[in-house]
Every structure is written in C-alpha cells, then in structure tokens.
Amino acid sequence: MEHRQHEHKSISERWIDITNPSQTELDELSSKYKLHPNAVQDCLKPDHLPKYEEIEQSKFIVSRIYDINQSSDADTIQEVSRKVSIFITHDIIITIHRTEQPILSEIRHQYIDSLRCTDVNQLLMIILNKVLLSYETPALKLNDEIDFYENKIFLKNKLPSLLKNLYRIKRKVSVNRRILTLTKDIINKLEIENHKNVMYRELQDTYVQQETIYDQLNDDINNVLQLYLSISSQKTNEVIRVLTIFSVFFMPLTFIVGIYGMNFHFMPELEWKFGYLFSILIMIAVTLIIYFWFKRKDWL
Amino acid sequence: MEHRQHEHKSISERWIDITNPSQTELDELSSKYKLHPNAVQDCLKPDHLPKYEEIEQSKFIVSRIYDINQSSDADTIQEVSRKVSIFITHDIIITIHRTEQPILSEIRHQYIDSLRCTDVNQLLMIILNKVLLSYETPALKLNDEIDFYENKIFLKNKLPSLLKNLYRIKRKVSVNRRILTLTKDIINKLEIENHKNVMYRELQDTYVQQETIYDQLNDDINNVLQLYLSISSQKTNEVIRVLTIFSVFFMPLTFIVGIYGMNFHFMPELEWKFGYLFSILIMIAVTLIIYFWFKRKDWL
Amino acid sequence: MEHRQHEHKSISERWIDITNPSQTELDELSSKYKLHPNAVQDCLKPDHLPKYEEIEQSKFIVSRIYDINQSSDADTIQEVSRKVSIFITHDIIITIHRTEQPILSEIRHQYIDSLRCTDVNQLLMIILNKVLLSYETPALKLNDEIDFYENKIFLKNKLPSLLKNLYRIKRKVSVNRRILTLTKDIINKLEIENHKNVMYRELQDTYVQQETIYDQLNDDINNVLQLYLSISSQKTNEVIRVLTIFSVFFMPLTFIVGIYGMNFHFMPELEWKFGYLFSILIMIAVTLIIYFWFKRKDWL
Amino acid sequence: MEHRQHEHKSISERWIDITNPSQTELDELSSKYKLHPNAVQDCLKPDHLPKYEEIEQSKFIVSRIYDINQSSDADTIQEVSRKVSIFITHDIIITIHRTEQPILSEIRHQYIDSLRCTDVNQLLMIILNKVLLSYETPALKLNDEIDFYENKIFLKNKLPSLLKNLYRIKRKVSVNRRILTLTKDIINKLEIENHKNVMYRELQDTYVQQETIYDQLNDDINNVLQLYLSISSQKTNEVIRVLTIFSVFFMPLTFIVGIYGMNFHFMPELEWKFGYLFSILIMIAVTLIIYFWFKRKDWL
Amino acid sequence: MEHRQHEHKSISERWIDITNPSQTELDELSSKYKLHPNAVQDCLKPDHLPKYEEIEQSKFIVSRIYDINQSSDADTIQEVSRKVSIFITHDIIITIHRTEQPILSEIRHQYIDSLRCTDVNQLLMIILNKVLLSYETPALKLNDEIDFYENKIFLKNKLPSLLKNLYRIKRKVSVNRRILTLTKDIINKLEIENHKNVMYRELQDTYVQQETIYDQLNDDINNVLQLYLSISSQKTNEVIRVLTIFSVFFMPLTFIVGIYGMNFHFMPELEWKFGYLFSILIMIAVTLIIYFWFKRKDWL
C-alpha cells in the first residue's frame, strides 16, 4: 500500500521541496501523488492569496512569505511577498515555489537534518511559523520609519510635504497586515487536527504576536498621519493669522489717505500748512493704537 | 407516522427547493407540512430581514444571500441581497426563493448528490455557510475600491471631489455589515441544538471571519473618508495661505500710492522733479523687504 | 404555611398584575404579602432608574419599558420609558405600573394561558426579556433616521443645518443606551440563582444583542455628527477659497489705478494721449497673468 | 494564645474603628497588635494612594473614600477623596481615618449589629464595597453635568466659552477613575484568599460596574469636548465665510472708483455730463451680478 | 554529575551576579557552565531588545530595566533602559549587566538572604517582576507631566507652543511601552513550565498592570496632543474672526472715500459747502449700521 510505504521513509525523504518546476515536473507530481491537477497547475501563478483547501484526502495550502528582495515601491500582496504552495497527502509534504527560499533550506538544516522534527504535520507547523516570522524584520523597519517621520513632524519648524512618504508606509503596513489576516484562516482550519500539538501552539503564539505588532503599526501610522495633517494645518493657520494681523494695520491707514484724496472743494485740512504732516501724525497714532491693542490681546 | 416516514427518505428527497412559487403552491406546502400559513405567505415578500423563529415544532429562518446581479447604486438591504426562506419541520427542509439561486444547486451537487451530507440539520448549516460566504467576493471588491481611492487621495496633487464615491462604498459596506449582524442572531439561536456539530463550528468560523472582514472594511472606509476630508482641507488651506501672502504684498503698496493721491496743497514730494520715481523706488524697496521677511520666515 | 400554600396555586393565580393602583390598594398589598412599605410606596413615583434590591426574603425590581406613546422631543429616561415595578416573594410575583402595558397582557396570553411558563422565576425572565425587546423597534427607527441624515450630508450640495436634528438622535440613542446599561445590573444580580435556567440564557442573549445594537447606533451617530461637521467645514473652506481667489484678482488692479491717482506734478504717463488706454491694457494683462498662473496651479 | 483568644471575641469587638487618632494612640495600637510602626505612622498623612501591602502576617490596605464635602474646584486625588487605612492582623480589623466616615457607622449598624457579617474578611469586603459605591453618586452628577453642557453646545446659537467648565468635568472624571484603577490592585491581591467568598464576588461586580460607568463618563466628556471644539470652529468659520462674502462685494466697487480717481489728462468719461451717474450705474450692475452669482452658487 | 551537584548548593550560591565583566570572565563563564559562546559575548553589547531563547538545555533571557539615571532627552530603548542578561542552566542562574543594578542587590537581600526564595525558577520570576516594576515610577511621573500640560492647555488664555514638550512625553511613553510589549514574549514563553507557580501569576499580574498603565498613558498623551492642536486652532481661528470683523468695517468706508476721490467734472456733492461733512456723516452712519448688524448677529 502507498500509504504504509511512506511511513517507513524518513521525514527527510517525505519532504519534497521543488523550486521553479517546469510544466512536466508538475504533471508528474500530480499523477505520482494523486494531487488535484488544477491545484498543482495553480502553483505556477504568482498571484494567489493565502488559503487552505481540502481536496479529497490531501490538503492544499497557499502561504506567502515576505520577499526581502522586493522593489522599494512594492505595495501589493504580489509584489511584497512570494507564494509557497504546500501539499500534504499520505504522509508526504510537498513545497513548491518559483524562487529559492532560504527559509526552507534553513528549516531542513535546523529541524530535519538534526532530527528535531520527525512528523509531516509538525513540519507544516514549522514552515508556517517561519513564514509568519518573515514579517517580523520588516515590522521593525517600518516602526523605525514611523519614528523617523514622527520626529520630523514634531521637531522641524518648517514642515516638509510628507504625505506621499507616510502613504507608502501606511500602504506597506496594510498589505503585510492583510497577508497575516488571510493566513489566520489557514491556522484556524488546522486547529481541529492539531490543537494538542506543541508546535501548533507556537504557531498560534507567533500569529497573535505578529498580529499585535501590525495592529500597533497600523494605529501608529494612522496616528502619525493625523498628527501630520493637524500640525501642518496648525502651521498654515498660524501664517494666515500673522498675515491677517499685518493687513489689519493697513486697513485704517488706507482709509485715512483715501479721505484726503477726496476732491471736495471745501476741505479745510487740505489747505492747512501742516495738513500733510497732520495726516501723517494721525496715521502714526492709529498704527500705535492698533499695535498696543494687539499687544494687550496677546496677538503679537 | 409522518415523522418516521421521512427518516426513510433520502436527504435528497427530504430537501424541497422551490423557486418563485405561486400562491397555490405555497398553500399546498403549508397544509402538507403543517407550516404556519402566515410564515409561508411571507415568503413572497422581498423585504424581510434575516430572522429565526420557532413556531410550534417547526423552525422558520429568513436568510439573505448577496445578489450578484444588483444594480450599481443598490444601497439597501433589499436591493443588495435576495431572500431565501428556510423551513425545517419533521426532518424536512424547505427552501423558498423568488429567483434561481446558483448556490443552492451547487450545494445539491456538491453535498447531496455526493452523499457528503445526510442530515437535515447539517444541510441547514451548509446552506447558511454558503449564504455567508456569498459576501466574501463583494468584500474583496470593496477593499480594492477603497485602495483605489486611498491611492488617489494621497498621490494626486489636485484632489478631485470624491465625497459621493466614498459615500457609495461606505453605504455598501454598512448594508452588508448589517445583514451579517442580523444573521448572527440566527447562528446564536442554532447553537444550543448544534454546538457539537462540526458543520456548526465551520458556520461560526465563517461568521467570525466575515464579521472581521467587514469590521475592517468599515474602519478602512471611515479612515479614508476622514483622510480625504483632512487632506482636502489641508490643500484648501494651503491655497488660502498662498493667496493671503499674495495680498500682503499689495497692502503697503496701495497705501503708498494712496498717500500721494492726497490733495493737500502743501506736499513737498508732489512737486519734486523725481517724486514719481522716488515713490516707485520706495514701493520696490517695500516689496523687497516683505519678500525677504517672508523668505526668512520660510513662508515662501 | 403561607409558602407551601402558594405552591398549590397555578402560575396564573400567583402573578398579580396591577395597573395604576390607589394608595389603599398598595397598603393592602404591602401588608398581605409582607412587602417593605417604602418599596411599595415607591411604585407610584415615575422617576426611578432600573434597579434590583433584596429586602429580607423578597426581591424588588424596577424595570423600564420603552414608551411607544412618548412625545417626539422626549429625551430623558422618564419621558422615554415607563416604570414597571416587580416584587417577588414566597413564590408570588407582583407587577405594578401606572399605565396599561400591552406587553404584559401579551405575556399572559402567550406564556401563562398556554401553560408554557409554570414558574415564577421563569416568568420574571420572560417579562424582563420582553422589556428589553421593547427597545428593538426604536433602534431600527433610529437607524433609519441616521441613514437618512447621512445620505443628506453626503449627497446634498448645499448642506442644511442639521446640528439640532442630529443632536436629537444622539440624545435618544444615549438615553435608551443608559436604560440598557442600568438594566444590566439586574440581569447580573439574577445570575447566581438562575444561571442554569434556559430562559435566563435567552434574557442574557437579548441583553447582549440590544447592547450591540445600541453601541453600534452610538458609534454611527457620533460618526455621522463628525462627518457632518467635517463636510460642512470643508464646504465653508471651499467658499472662502473661491472668494479669496476672487479678491486676489482685484489687489493688483486697485494698486495700478492707485498709481495713476497720485498727484505728482511730473508723471509722464498722465499726459500721454493714450495713457488711460495704456493703463487699462496693463490691467487686462495683469488679470490674464494671474488667471493663467492660477490655472497652472490648478486653483481654478 | 493571642490568635485563639480573638476568635472568642464577637465581630463587633474585633473591629476597631478609630477617628483622628493622636500620635500616642497610634503608638499603643502598633505595639498592642504588633503592627509595623511605619505603616501605622503613615495613617496620619492624607496623601497616600490606594495600595495593598502584606507585612509579615498582617495586611495593610489604604483605601480612599469619595469626599462629599470637597470644595467645588477639588481636582486631585487628595482633595477629592479621604483616606481610610485598614489593618488586618490575627483576626482583628482596624480602620483609621482622620474625619468621621458615615459609611463606616452605617456598616456597623447594617451588618455588625444585625449579625449579618460575622467574619473579619467578609467585613473587609463590605467596607471596600461601600468605599467603591461612594463613587456612584458623583458619577450620576457628572453625567448630568455632561448632558447639560452637551445640550448647550448643540442648541445654543451663540456658543459660550465652555472650555474651562468642560475641563473641570474632565478632570473630576479622570481623578475618580484613577482612584478606581488604583483600587483594582487591592481587589486583585485579595482574590487568591477570597475567590470563593460571595462577598468578594459582589465587590468585584461593584468594581466592574463603577469602572464601566467611569469609562463611559470618560468617553462622554472627551466626545463632548471634541464636539464643542468642532462646533465652535464651525461657527467661527461660518462667520468668516459671511464676512468674506461681504468683502467680495466691495473689491470691484473700490476698483471702479479707483479708475475714475486716476489723473490722466485724457479720460473721456470724466468729462461726460452723466459720467458720475454712469459710474454709479456700473457699480450697481456689478453688485447685482455678484449677488446673483452668489445666489446661484448657494453661498448666500 | 554536574547537575546533581548544584542541587546541594544553596540558592545563594546558585545565583551568579556579575557586573561589567571583562572579556576573559565571560569566556570562563561560558566554558564553565557550557553556555553558547555567542550568547555570552552578546552580554557586552548594550543594544539588545528583550528576548527569550532556548539554546540546547539552557535558557537565555535579555531583559531591560528602567534606567533612573538616564539623560532628560533620552528617547530610545537603549538610552532609556539598561540591559540585564539572564542565563539559566542546570539549576544555576547567571545575571550579567554593565552597571550596578540596585534592584538586584535588593532582591538578594529581601528574598535570598531571608530564604524566602529557594528555587532558581522562582528567582527568575522575582527578577523579571522587579524589572517590570521599575517602569511604575516613571509612569507616575509621566502622568503628572501630562496633567500639568493639560491644565496649561485648558486654563491659559494664551496657549504657549507645547508641541515639542508633548512630543517628548509621547516619545517616552511609547518607548517604555515598546519595552513592555517585547517583554511580554518572555513572559508567554515561560508560561508552559511555570503556569502553576504563584510567583508566575504575580509576574503576569504585574505585566497586565503595567500594560494597562502605559496603554492609559498612551491614550492620555494622544488625547492631550489632539486637544492641544484643536484648542490652539480654535484660538487662532478666533483671532482671525476678530480681525476679519475689523476689516469689514473699513471696506465700505474706503469705498465711500474712493467715490469722492473720483475726478468726474460733474459731481454735485463735491461742490456742496458741507459735502465733506456730509460724506463723514454717511461714513459714521455706515459704521453704525454694520456695528448693529454685527451686534444682532452676536458676532461682536
């Protein structure tokens, strides 16, 4: 029997890890291990979201690992992460991915070669755990970036335009968070079979930890955005206030010069010898009155 | 005995699925299966909210399935979803709906014909589960729309008027969310009888998942709306700031030309040969002073 | 023995329902069933908040039922709801209220006459459950009102003044919510004796459901209020922006006409044949320059 | 033996309640009941925060009771509440406070004299419960104050300056809430020994209830503050809008009179017989155009 | 055997506390107790975040104690706290830190010398508990600072610029909070082995308490920041409102003097004897009309 035969194999033989397979290899796999052909064909497409499916007796999991080689403006799930497809059938675990994933060779070295993991289910937990942990380092980096911009917003006197930078961070936080949320469903579906497994508990702990970190990041970036907009609006308002004060000084002056610009035939002041001087003195007086009024009101 | 008789029937015979029944058909149903006539008559009305009722020994459930053929401006529970009435009595399950529901034939194919489901209660869970899952695809679409507008809000220099578009999304999220909330009561009422049922657990999982997704969407759309209003207000403020600066340049100039427009008989400058030139030089000087003052204040 | 004697009575006889009792009736009640006189006297006062008290061996509960005949501007707990006092002593339940409460006769019909309820404690749960459910219909109505105003806020170009209308809704939500919160204490105090009672579980479910609905309403009305204020402020800002742009066109024009209003004896332009035309051309040129500058800045 | 001896005493003798003790009395107490001298000396100082300490075999609790005689501008923990120190040692309970606390004599009357409480631990729960309940009445009063100001904010056309009044409420809510939070630690520390005690459950219930009330108050006052600021800003903006509209009418008029104030030698209009009338007609026309433009834009 | 041998040692001998070790000392330690050399080398670096690691049979914990001697502008995890590395192996506990930590000698005095702690695991709990408690005093200080600024924001008529001060507090709260969050992972990882340990429960209680305090502080500082920005913006708006009112008085006056500054040959008023007086009376009238209009509108 196929099934019993595998049990005699070591865990190392029962884990089949395939990088960038050709169409033919996939066909062979699918027929050899009786996998659903559609599910296998899907492995080549880069754009699947994390999901868990049971087709007959085999399980099909799509997980997405954080891609450390992403371009700096990556901001979709597909650009930010790499798909790792996992099949589990008859005590065999198959992992398929398009590019080399250092995390998987690390797992082979750390757990398989050292015989610390001897069970296909346990291996699945370890892989998923490492996949989740791949989001930890970018979280720290995002946190530092948020701190950097927060510092700028509060301490710079002239606020630069940070809207696009903050959006980029918000976007990255939100994409990573969405991948985590979608991964939650996989973890939940695994619970029934594995809830007594110590490795499963660790997987759950890691999930909750990552979720907390990204919820925090999400709160932080929204908070910083809001503060940026509020402080920027405060600074603009402040400028408008100063300019309005400036204008107010000229309103009565322009009015006074307007008066003596009137063409009435009978305006006594116009004929005074010191009429001009008189008008200038009035204007100086008005300016001083306004100045002291503003001073008293604490507007200057 | 009526009851025992049904038990010998296969599950396929015990599920009666009726599309757009006539008044007569409903009357027959009601008398044949001893259903409360009022409840049966209600099946034809399109505007009921999800609910669970126990009338004597039969259960009456109104569920609402997401309507993929809705018009683009649908924004009430009735426009957005289609009613599926479910009666359960004496081991018979009756589903009544006005239009063909592909989900139900899918269930018949996937679970009934393949004998994967053999129990009326289990079938009920499966139907409700699929009803809830019908809200998953629109959630993804709404998410993409929110991302699209968020991108516009942050990256476009000139902010278009998005209030109506964002409202439409907010409204759709809120209507779907309300349907889900009302469906929760059905799921809770089913708990006592079914809490050990695996299918019930899956139904609950699906509910929690959908609830999380829509809570998230609700947060997101409110967040985007708030950001839209804040950023739009920031941009307007910015324009006002620039315009105010612009005006400030003209306040003192207008004042100066006002001075030399006064009609005093004795104004020495007026008679100077280069009085005009002199006044223009003063104005240029004032403009430059203001310019450098603003530069130093970082307002330009 | 008093106590045993009651047990032989039917539940219908053990429920004493009194509408608008006279002082004398209350005195008789109090002496007949050994109730604390002060508690009984309190029944006539309309302004008590929901509470639970144990005095010696009898329980005294004040519950408040939603008053469907309230005036449209009712906004205090007393105006919005009617008091129903409940005494439980020696297997006797006494309900006292000032006006006829249809809910109570409904309960008598549905549960007592049909013998579906045979126990005083169970009856108490049923009454409290119906009291809580009386807040469900007003919640739906409040929800519709919020939707109505939300629609107005987003889709009307000219925002009417909605502050008072929104306040009225906010107030109603908040009063209903406060009654529910106060009722929670009654439900908690009943837990020890009744936590195994199915009816108690339903009462708790109803409470949680109503609480969720009103929490949601509270969030919604606050959200709508905030949006109203933000959108209204955005519209005002927009008007100010347009007006500021309008003013900016006149600043330089007024300056130019000011120049040629100066009275210098030697101003060559004044004597030119086409000086007037020349000045008008300059002004047209300035207007066009500003116009295209604004166009390029996307401010028009 | 000291310890056994006390057990023979009645609970009334085992509760030692001391009001405003002298230094000597405290010294005697400390030596008689082997209390830590420092802890006893602390009783005279009014400014301790709620805390729980175990020193050797005795417990030392500092609780703070709401002070109904506080001055109206009290806003620190010390001004708002009175310290009650509680020592428990060898089945003896000692309560020390500087002023008469009616709550304690009430407890003696209600629980001790009536023999409803016979145990030192139970008595401790009762005292702490009453201490917590002393915060209930001020909560109701604060709630009414918040409602009062909320009403003013929404319904008054001219918004008075309420910042200081709202701050006073915010401050009181926050101080009471802080006392409750600090008291939580006492309740938690008592859990291990008392979690089966009915009185302890009631104490916990009271705590959760008070916490909910004050959390709600905190949300409410912050919400009202935010609304006050938003509505006040909306009203100011509205005024600025009207004033800006007002100014816009004068911009073109001042420009026109400026034109005919120019001193060009050749300005045909100036010599027209009806030039003055003509200019006035132009100004009326301009005013009307602006008026209808604003009307059409719904700005008036 | 190494392991058994230690069991005979007293707890005092089994705790090795090392301050500022040299490279050689570390090498010796690492070889004597078979610790992973890399982990030991890490002890000298000041910038590690709290973490828990199991390497073979020994545990390696990095904890960070609040540094009371920090500079006043410290705002990174490294500046705000001091690393204490803890190794646990074969019933030996080793604590390594670069500066003298009074907390550790206190623990030795209070728990080890008095024999209140006899177990390495228990000692670990005590140390971690005290590490967490070191964040309590700074929390109280931060709370007072927030209260101080809140008071200023609400009660000062002229709002000083507090942005930098509030940022400093926000930053300190956020750094302390981050240390706590990272420490949570250590506490979680210790749960499996220690969940029955009383000391572990106390450690958990302390963690939850500190977390609550810092969450509260975080809410408070964000709330105060938001209020500061809102109130500051309200005050600026108010100034702009008054200035706009001021300008509005001069708009029509300047227009009127403009009229009589026109040079039309036929302007009857100009030749009137009391034309000048007449124009001044008109201006006074206009000013009064505006004044009473504003009064009636409640804008003055």
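Order of writing sets the chain letters: A, B, C, D and E. Residues in each chain are counted from 1.
Rule of thumb we're sticking to: a residue touches a chain if its C-beta (ideal position, glycine included) is under 8 Å from a C-beta of that chain, and two chains touch if they have at least 3 such contacts.
Because the structure is predicted, anything quoted here is derived from the model rather than measured.
Any chain bridging chain B and chain E, meaning touching each of them, is among A; the list is complete.
Each chain gets a centre from the mean of its Cα atoms; for chain A and chain E, those two points are 23 Å apart. Here the CA centre of chain B is 37 Å from the CA centre of chain D. Contact with two or more other chains is made by residues 230, 233, 237, 240, 244, 247, 254, 258, 261-263, 267 of chain A. In the cyclic arrangement of chains, the order starting from chain B and heading towards chain C is B, C, D, E, A. Those residues of chain A whose C-beta lies close enough to touch chain E in the complex are 150-151, 154-155, 205, 209, 212, 216, 223, 227, 230-231, 233-234, 237-238, 240-241, 244-245, 247-248, 251-252, 254-255, 258-259, 261-267, 298-299. Every residue of chain D that touches chain E in the complex is listed here, in rising order: 157-158, 163-164, 167, 181, 185, 188, 222, 225-226, 229-230, 232-233, 236-237, 239-240, 243-244, 246-247, 250, 253-254, 257-258, 260-263, 267, 269-276, 279.
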